[in-house]
Amino acid sequence: MDLATVIGLVLSLGLVAAAIVTGGSPVVFISVPSLLIVVGGTIGATMVNYPLDKILGTVGVLKKTFFSSLESPADIIEKFMDYANRARREGILSLEPVIKQLDDFYLRKGLQLTVDGLEPQTIQEILETEIAYLEARHEVGAEISATLGMFAPAMGMIGTVIGLVQMLQTMDDPSSIGPAMAVALITTFYGAVLANLVFNPMAGKLKTRSKEEVLLKEMVMQGILSISKGENPRIIEEKLSSFLPPRDRKQEVG
Amino acid sequence: MDLATVIGLVLSLGLVAAAIVTGGSPVVFISVPSLLIVVGGTIGATMVNYPLDKILGTVGVLKKTFFSSLESPADIIEKFMDYANRARREGILSLEPVIKQLDDFYLRKGLQLTVDGLEPQTIQEILETEIAYLEARHEVGAEISATLGMFAPAMGMIGTVIGLVQMLQTMDDPSSIGPAMAVALITTFYGAVLANLVFNPMAGKLKTRSKEEVLLKEMVMQGILSISKGENPRIIEEKLSSFLPPRDRKQEVG
Amino acid sequence: MDLATVIGLVLSLGLVAAAIVTGGSPVVFISVPSLLIVVGGTIGATMVNYPLDKILGTVGVLKKTFFSSLESPADIIEKFMDYANRARREGILSLEPVIKQLDDFYLRKGLQLTVDGLEPQTIQEILETEIAYLEARHEVGAEISATLGMFAPAMGMIGTVIGLVQMLQTMDDPSSIGPAMAVALITTFYGAVLANLVFNPMAGKLKTRSKEEVLLKEMVMQGILSISKGENPRIIEEKLSSFLPPRDRKQEVG
Amino acid sequence: MDLATVIGLVLSLGLVAAAIVTGGSPVVFISVPSLLIVVGGTIGATMVNYPLDKILGTVGVLKKTFFSSLESPADIIEKFMDYANRARREGILSLEPVIKQLDDFYLRKGLQLTVDGLEPQTIQEILETEIAYLEARHEVGAEISATLGMFAPAMGMIGTVIGLVQMLQTMDDPSSIGPAMAVALITTFYGAVLANLVFNPMAGKLKTRSKEEVLLKEMVMQGILSISKGENPRIIEEKLSSFLPPRDRKQEVG
Amino acid sequence: MDLATVIGLVLSLGLVAAAIVTGGSPVVFISVPSLLIVVGGTIGATMVNYPLDKILGTVGVLKKTFFSSLESPADIIEKFMDYANRARREGILSLEPVIKQLDDFYLRKGLQLTVDGLEPQTIQEILETEIAYLEARHEVGAEISATLGMFAPAMGMIGTVIGLVQMLQTMDDPSSIGPAMAVALITTFYGAVLANLVFNPMAGKLKTRSKEEVLLKEMVMQGILSISKGENPRIIEEKLSSFLPPRDRKQEVG
């Protein structure tokens, strides 16, 4: 559970709601037709922009990145120290039974290729392709969210222009101008809130999560390649701990 | 047929139409001169921006990417497993008759070069050039669509400024100000709708389609190079399946 | 002669003119002082932005890219097939008399270096430097045009702010407000038209033309290097035709 | 202590305050609800955008980059001249006792790897990974500050739209329009000041500081690699002094 | 002396001044408090954005790039033909006395390293580091100028919002609204003029000058490396003249 997302949404949307309620007569801010044109138009434009399977896939990516707990880098280092020591003592084939029990698809594939005795160069090519396309799939989620955040204010603006044109045509009664403009501005309000408090920040989080996951995959790849080259466990530790901020590292003995 | 494009266009344009009709007096929103200046001006500026053959070529790219059905990556993997096994068992020349029956220009060229015994390095150079210029040709389509999406709101703004200047000159009758401004805003409305509901989302889809096609071509290139290097079918499968999301892969045996 | 440019300019500027004339009283849209501040200010800012020789050089690049007819890629392939066959049959020195008759500076230089027996690696370095700096020189033209397109609306806005400030100071007579604002908006109008119908689209065309020319130079370089390496004419054809869209290629025999 | 930051903030915020006070009745510019919606909404959106630990980590990065004094490049050169001479005269192992006294984590790690006799290639890989992830961690600080600077004006705009809608609904009393609009504009004012005088400039400084620190780390890496390759102290000096502007270099003897 | 800069500034600022004066009552455009908040606030935000030494260093870069006359590329080619011939005839050591008389720091360092007999690879590394950090130092100047150009309109907008809020609070006397808004707009005017006529164009020129200087340094590096590798003077000429536009080259004999 990503608490920051929940707290952030509650905080920003709550403050907007409070500003509306304390200003009196919040009824004007609730308009189903305005919501329909902004949300529906935004979704429509996004459907033209992306293939259906990508849009549906985003729901999965969204859920996964908001709930899944990534492994800690320190655990990865420890795991690889263990593999490396075992491979050194008992030979690379002793990793076979370990592989069978692994959940992580990527790690399992990499170690299996190592045990099968492929060249480190070939393993690196395969694992880098995996990372590149994992990244591409995650980026689509962030891009779709950013696209929603780009079309939402545009739809809000289109809704407001429609409202203004309708109002300007019938300016007979000056007292009706104010309320009509208020109504016209509601789509602008919806578009701005959806873009700035929901879609754009979520696109940002998807991007950050993707970077974190790619970082872990790169650590795992580095570890697998080191084992495949039969490198010294101490060097493996040095290499992998370079990925971490100094304060998260095991006390390194100088 | 790309259903998402159709549904998306119907949804967003339908909601805009509904907002116009339910607001009463939709007549003001239909203005041939306003449409002429926005659409004509946008096309004019785009013709200055791109050579005529590129603009005309975009129509072809558009049709192709909206209707053509790309081969599934799983089929490509299967096909290459078949080629690789055949080449292993019966020699590379046994692929000759297969090549004759291929529709896909790119695959045919790559396999022919392999059968002709060119160096993998040379084949890779040729196929990468093919991909680079295929990508460049597709990008032009997306760029032209994005350029239309950039000039449309600019033309809308120019139309509105013209309308405002004409209105401001003759402000004798206050009651005419409203309707005149309503008319002036129509070009802004057209520009925003064309850009945000049509041109920009279509540019986005062209870009996505191009990426998908390039991905398939890269898989095919990887497969051809593997065959040309005489690689093990199992490694070819590992390499090609790295391009796919895990859920689309054949159950890999660990 | 680039017809698209001419048609595009006539179309978009014509529609703008039509919108002005049909709206009655087009006189207000013609204002020499407004034109002076927008055009003069834009040129002034661009002169601060770029050295004088680059600005003057742009005129040449502009003329060249709008009128010069580029060689067709198919002709280039044919030419290189001819050179390659000749070099194979009669030796590389047999190209000497051909070189003397060439107009294209780039092709002549590349072939001369080949006949002189320089290493392919050295030839590639020299020809790539040529392309890189040709591209840089052409980009300056596109950049200057884009810079004009960036400063024009800014000058239009500055002109409008000046007009507004002058109008607001003397708001004694309400009936003069409208016409005064109309005048103030003229610079915004000029800036928007110049940027969106002239400068920005021309920057776009310069960029496209430059890409086309670079593509041809890269084909020529590829051909020269192939001859210098003594490659098979058939491979040369395969390599060069990779630069073309499939429909422009000679029927390739599979 | 970074004086420029303090002087810059005092100067710009002081001038804004002076403009408010000299205009009379500064009370309207102080509005706790407006401040709450802008600051709270901005923080909320940023919490959705970044994981909590990154946001909290930014505080540390901020403090560190504003107060920590970076080593002077000249000192680094001198230090490495000393290490190189010592390694030449007394052997690489003579650096062991030096390493024990070093505070700088990065330099210590690099020298230790050198003394341990790792290949320069391996040392370079490890140190480059260190720099890459140090840079990534610092960039997050700058990015979060820039994100705050992006959401602050958006929240200001949302607050103003809310205020405008509330005002337009109850336009019965024309004399209340002015003050109500003044209040509505306060959130725009807060958003613009926070973004342009605080968040964006701070993001800029974080980026500059990060570049400086990366430059120093690259100098240190260059020095460590030179020692590890046993290069001549004179060449080490030439290499390291290339990082400095000419005026900061020791008089080089030609 | 860069005439384009002077003419450009006189032209654009002169036209703005003319527009102000011909509009009558130019007094309102001169407002010391408005100038103070725009200029002071812009400088303040820039001081938060960049370290003090970088800001002060920009003054030097500015002066240098506006006045210093760069060597002509043709002179550089001639010089290197001379060095190459001398090195061929009398040995590389014969360049010693030449080096002593050189003013250009970069050329002197490169030739000295060559005479000292360093490997071309090492010389290239050192000279490339020099160019990279020269470029970085120059870019800072252009970036700071662009940053001033980004904050100036923001400060103008903040000043205008302050003025609007103050005006809206006291709308008792309708006749005072116009002049008050005129005053509020002055900061917008100052911000737009400073950004578009001064800071942004100067940032552009700094960038162009830096590119030119880097181009010359790359030519010099190419020449030094060629001498260090003992390359043929004819090839050196071919290589160096690739950097020039064809019309600036010595008549090349085909």
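So that you can tell them apart, the chains are marked A, B, C, D and E in the order they are listed, and the count of residues begins at 1 in each.
In the analysis below, a residue touches a chain if its C-beta (ideal position, glycine included) is under 8 Å from a C-beta of that chain, and two chains touch if they have at least 3 such contacts.
Fair warning: this is a prediction, and the values are worked out from it, not measured in the lab.
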| item | value |
| --- | --- |
| If a chain touches chain A and chain B alike, it appears here | none |
| Type of chain A:chain D copy interface by residue overlap (half), same or different | different |
| Cα-superposition angle relating the copies chain E and chain C, to nearest 5° | 70 |
| Whole-Å separation of chain centres (CA-atom averages), chain C against chain D | 39 |
| Length of the line joining the C-alpha centres of chain B and chain C, rounded to whole Å | 24 |
| Junction residues of chain D - those touching two or more other chains | none |
| Chain contact graph, described as a line, ring, star, complete graph or other shape | ring |
| Ring walk, chain C to chain E and onward | C, E, D, A, B |
| Of all residues in chain E, those that touch chain D in their complex | 33, 36-37, 40-41, 43-52, 54-55, 99-100, 105, 108-109, 112-113, 118, 122, 125-127, 129-130, 133, 136-137, 147, 151, 154-155, 157-159, 161-172 |
| In the complex with chain E, residue positions of chain D that touch it | 2-5, 7-13, 15-16, 18-20, 22-25, 28-29, 175, 177-179, 181-182, 185-186, 188-189, 192-193, 195-198, 200-202, 204-205, 208-209, 211-212, 215, 235, 238-239, 242-246, 252, 254 |
